[in-house]
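For clarity, chains are labelled A, B and C in written order, and residue numbers in each chain start from 1.
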Amino acid sequence: MAGCCAALAAFLFEYDTPRIVLIRSRKVGLMNRAVQLLILVYVIGWVFVWEKGYQETDSVVSSVTTKAKGVTVTNTSTLGFRIWDVADYVIPPQEENSLFVMTNMIITMNQTQGLCPEIPDRTTVCKSDADCVAGSTSTHSSGVATGGCVPFNETVKTCEVAAWCPVEYDAHVPKPALLKAAENFTLLVKNNIWYPKFNFSKRNILPNITTAHLKSCIYDAITDPFCPIFRLGKIVAHAGHSFQDMAVEGGIMGIQIKWNCNLDRAASLCLPRYSFRRLDTRDVDHNVSPGYNFRFAKYYNDLTGTEHRTLIKAYGIRFDIIVFGKAGKFDIIPTMINIGSGLALLGVATVLCDIIVLYCMKKRYYYREKKYKYVADYDQGLSSETDQ
Amino acid sequence: MAGCCAALAAFLFEYDTPRIVLIRSRKVGLMNRAVQLLILVYVIGWVFVWEKGYQETDSVVSSVTTKAKGVTVTNTSTLGFRIWDVADYVIPPQEENSLFVMTNMIITMNQTQGLCPEIPDRTTVCKSDADCVAGSTSTHSSGVATGGCVPFNETVKTCEVAAWCPVEYDAHVPKPALLKAAENFTLLVKNNIWYPKFNFSKRNILPNITTAHLKSCIYDAITDPFCPIFRLGKIVAHAGHSFQDMAVEGGIMGIQIKWNCNLDRAASLCLPRYSFRRLDTRDVDHNVSPGYNFRFAKYYNDLTGTEHRTLIKAYGIRFDIIVFGKAGKFDIIPTMINIGSGLALLGVATVLCDIIVLYCMKKRYYYREKKYKYVADYDQGLSSETDQ
Amino acid sequence: MAGCCAALAAFLFEYDTPRIVLIRSRKVGLMNRAVQLLILVYVIGWVFVWEKGYQETDSVVSSVTTKAKGVTVTNTSTLGFRIWDVADYVIPPQEENSLFVMTNMIITMNQTQGLCPEIPDRTTVCKSDADCVAGSTSTHSSGVATGGCVPFNETVKTCEVAAWCPVEYDAHVPKPALLKAAENFTLLVKNNIWYPKFNFSKRNILPNITTAHLKSCIYDAITDPFCPIFRLGKIVAHAGHSFQDMAVEGGIMGIQIKWNCNLDRAASLCLPRYSFRRLDTRDVDHNVSPGYNFRFAKYYNDLTGTEHRTLIKAYGIRFDIIVFGKAGKFDIIPTMINIGSGLALLGVATVLCDIIVLYCMKKRYYYREKKYKYVADYDQGLSSETDQ
């Protein structure tokens, strides 16, 4: 017990520090300080200043609402003179992080359930009923084959299908796009972000923007980079594409909002950065369902209660609002990890200089003698103990 | 070759360890141990126990489904007595991570494509045709101007537009909200989460909840924090807002589900935490399209085949279910990184004590002499080699 | 000033390196090298090769579009012979990261606003008007009670409600599912990913896939793992479930696309990996609203302008496309942090060997004498300075 106490006392009242050789040499000294300086500059400059290694980071949690505005007019043989407003061209009327604006369409009016000939193509053209298999359906067919072969027009016969009749004929997309005026529609994006770890939230409508300005402003990368109202044509142009080309077959545009915030600085410096990217890279080689389209229908009942529908193959641009970013704030953990790591790297300076001093310099034997004390197992003879 | 082997043998059979000065001093010893203890406590206590630095972390992957329930009745001059159920007020009928409940609306019945006067405002009121530009359309107009100036009512004339007529008049939002009873509707949120790195999945309907309980329970932060059924009014109240105020112009509510799981412990301790936040911070200064609303239409065909529509400007509350969280599980990599870092920090104790012992204490020259061995380049004279 | 310069010169031209005892002993030497080797293997092998600790990582930003194809036919007493195509069974027609395919439904035709008896259940069956509370509505009721008790059929009387009449009767779900043929429908998933930190983007339609192949291919884990077209039945089968079972009451399927990319290697090696998981874990114990369903309605106006609707309770499978993954690329920061950490761990080798050499070996007193120089406070007497 007494021995234990003595050992504890010895442990507590003891201070061990490595013995150091201090070599006074201009060459070696300067080299040593230079290497230490380099590592210090790296640790402080790069890790702490540039990469902010002293900060804890958090990823953004975001909520987006969008609102399109604009009205246009079309004059076609099928539909006649027709006005298109938001309720007509935004489908579905609301989504969470995206908004679809219909720019082009193929309308098949007044379809009813019935039997009619398929659109002619490689698999549907037939000479007689023997060419059509009753009940068959393929990925690209509009309905279920009845097994009959009926005239599609005066020259061509195709397999008859049970389908919504008449069948949609979508080989020719209107060009230019029907709603080409959508280029001038505007899109208001309201974005609210939150960093849960720091309980910090902010909106993309900045506090210094006045209501009057918001009513009239249009985003521009240079003159008005914080206006949250975008002209559709400009969004596409910013991404390096042509709105009129894109409007014909549709596509996906990413509106990227980057919130990189340094929360050690004022909250007012945490600002959204907008960028635009086309997300449906079009390859000439891979035009399987190019662009972006989908089908939907409006259903009607007539006097007799029969269901009719207007099928619309809607081509258009889907605007996906992609919010990303990281916030950083001083935190003791990453700071300590980086300091620990930096200190360990400082040890590299000594290792590097030792290699040069002890292996490369002329006076290496002299320095080695000073640094090392050679000890051999004493049963192998103590002759190697040549140190002072 | 033989020399090489000898060098290798020397390298292999050699063990180098720094030479240490052991200073037996109560003051210095205690200080040294205290600093070491502090660093040890920090490394173990903070990094390992508090921040769980020994864990690998993963972010949550989540899937959400929602289901609203409730029915209410309105009695207005336009619509008469009318029942509203889920199919009427949830638009669109299903979404991925959110659900919109219509609480208020402006209905414009029986619109057809045609010509009609604009709603009077600063830009549309006119005296003669000269005030209206044919073909013009602005962001806020309902249609394309024909160039005519027609009477809106007995006193005011406005520009005529080609539009869905009659044009919507949305200056006055019904107050209180038409579907104010939505406060008592309920929302069932089913959430399934997954941590891909650990292949761990869980639902927010916990295994110990019985079906009977689920059929009748309502979430309450204190009495029933794990019931996944929410009363809409309570969600808004939890966020510190008034449902009736919010219902008038709409808004966005975030239902945040936090899954912070320590997978080193039992899976049953990994539980969802619900919190509620209003996401559309309303500023009195920034009431450009305040709240949340969008327009949609129901289309009809009449006997003559003319298309009619009922335009609805739907105000309501969108409930965004935001799932976030991190799971941690013991992993050797971050453990080792933190141990390495901690060890390097332990070295700081020696550095700190050295500074005090060698620069601040009275006996500093005595200690310095013990720690250092001064060596000068021998061609500069060996006079400084004063060490033993 | 001169003293200051001298101190600076002394600092700059000074090189300090620890004094080392080099013990030449086979046992201790080998042990030391073995421990060092182990740590080196760990640092290089595990941290750098396996976990790629030298890489900066980034999380994926993704955009998804989907397109379903397929047509089927049903023949029921309510609807008669009816064709179902994409516009009929995909609701809503487009979503951001998911697609709902209706596989089963309960249709209530021709509802109008009116008064009718509730569906009989425990709370709605009544004997007289006294059993029904006017104006009451519960979570599960279809409308608002009028207070009357009316005959539901010849034997049962239920409370009368103001509701869309006739009220939906959803006790029996059609089995097998009406659109059971949806098993053979196909789903094209187009996914475009982006790693913002590295400005690297890629699509899941790989450049080496030809258009012809894309037109006909079907995903198969073994024979065609990069075809982005999925047979619905196969998706469910891959997740270990039965499509026909799932089609009856609906469910959620996760199509997980994993993009783990090592950007230090060729971009062509960054490939999507598909996996499938059912997200609505069905418990027999927790069948509160099992599967996945929602209600929507199609609205009609009749001759007199009265609004009718067809209410559809749609059961079906929602396919959620979940994109996740991490890209890594060489970066100096994590490399340095890991090297620093590794170096600090190398120091552990010396500590471990020291413990063995100085505390466990027979010759420990001999080695201790070589390593340590004992120094006592000189006012306590210098007797302990026994070192050379």
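What to note about this one:
Keep this in mind: a contact is a pair of C-beta atoms (placed from the backbone, for glycine too) under 8 Å apart; a residue touches a chain by one contact, two chains touch by 3 or more.
Heads up on the chains, UniProt names are A, B, C = P2X purinoceptor.
As the structure is a prediction and not an experimental result, all values here were calculated from the model.
In terms of the stated touch criterion, the partners common to subunit B (P2X purinoceptor) and subunit C (P2X purinoceptor) are A, listed by label. Homomeric contact subunit A (P2X purinoceptor)/subunit B (P2X purinoceptor) is classed as different-residue, with under half of its interface positions used by both copies.
Separating the centre of subunit A (P2X purinoceptor) from that of subunit B (P2X purinoceptor), both taken as means of CA atoms, is a distance of 16 Å. Among all residues of subunit C (P2X purinoceptor), those that touch two or more other chains are 16, 18-25, 59, 92, 95-96, 300, 303, 337, 340-341, 343-344, 370, 372-373, 388. Residues of subunit B (P2X purinoceptor) that touch subunit C (P2X purinoceptor) in their complex: 10-25, 59, 61, 63, 65, 67, 69-73, 81-83, 85-88, 90, 92-96, 110, 186, 188, 190, 192, 194, 196, 201, 203, 205, 207, 209-211, 214-215, 298, 300, 302-303, 308, 332-333, 336-337, 339-341, 343-344, 363, 366-367, 370, 372-373, 388.
Against subunit C (P2X purinoceptor), in their complex, subunit A (P2X purinoceptor) makes its touches with residues 16, 18-26, 28-33, 42, 46-47, 51, 53, 59, 91-92, 95-98, 100, 113, 137, 139-144, 162-164, 252, 254, 256, 258, 277, 279-281, 283, 285-289, 292, 294-297, 299-301, 303, 305, 309, 311, 314, 318, 320, 322, 324, 337-338, 340-345, 347-348, 350, 353-354, 357, 370-378, 380, 384, 388.
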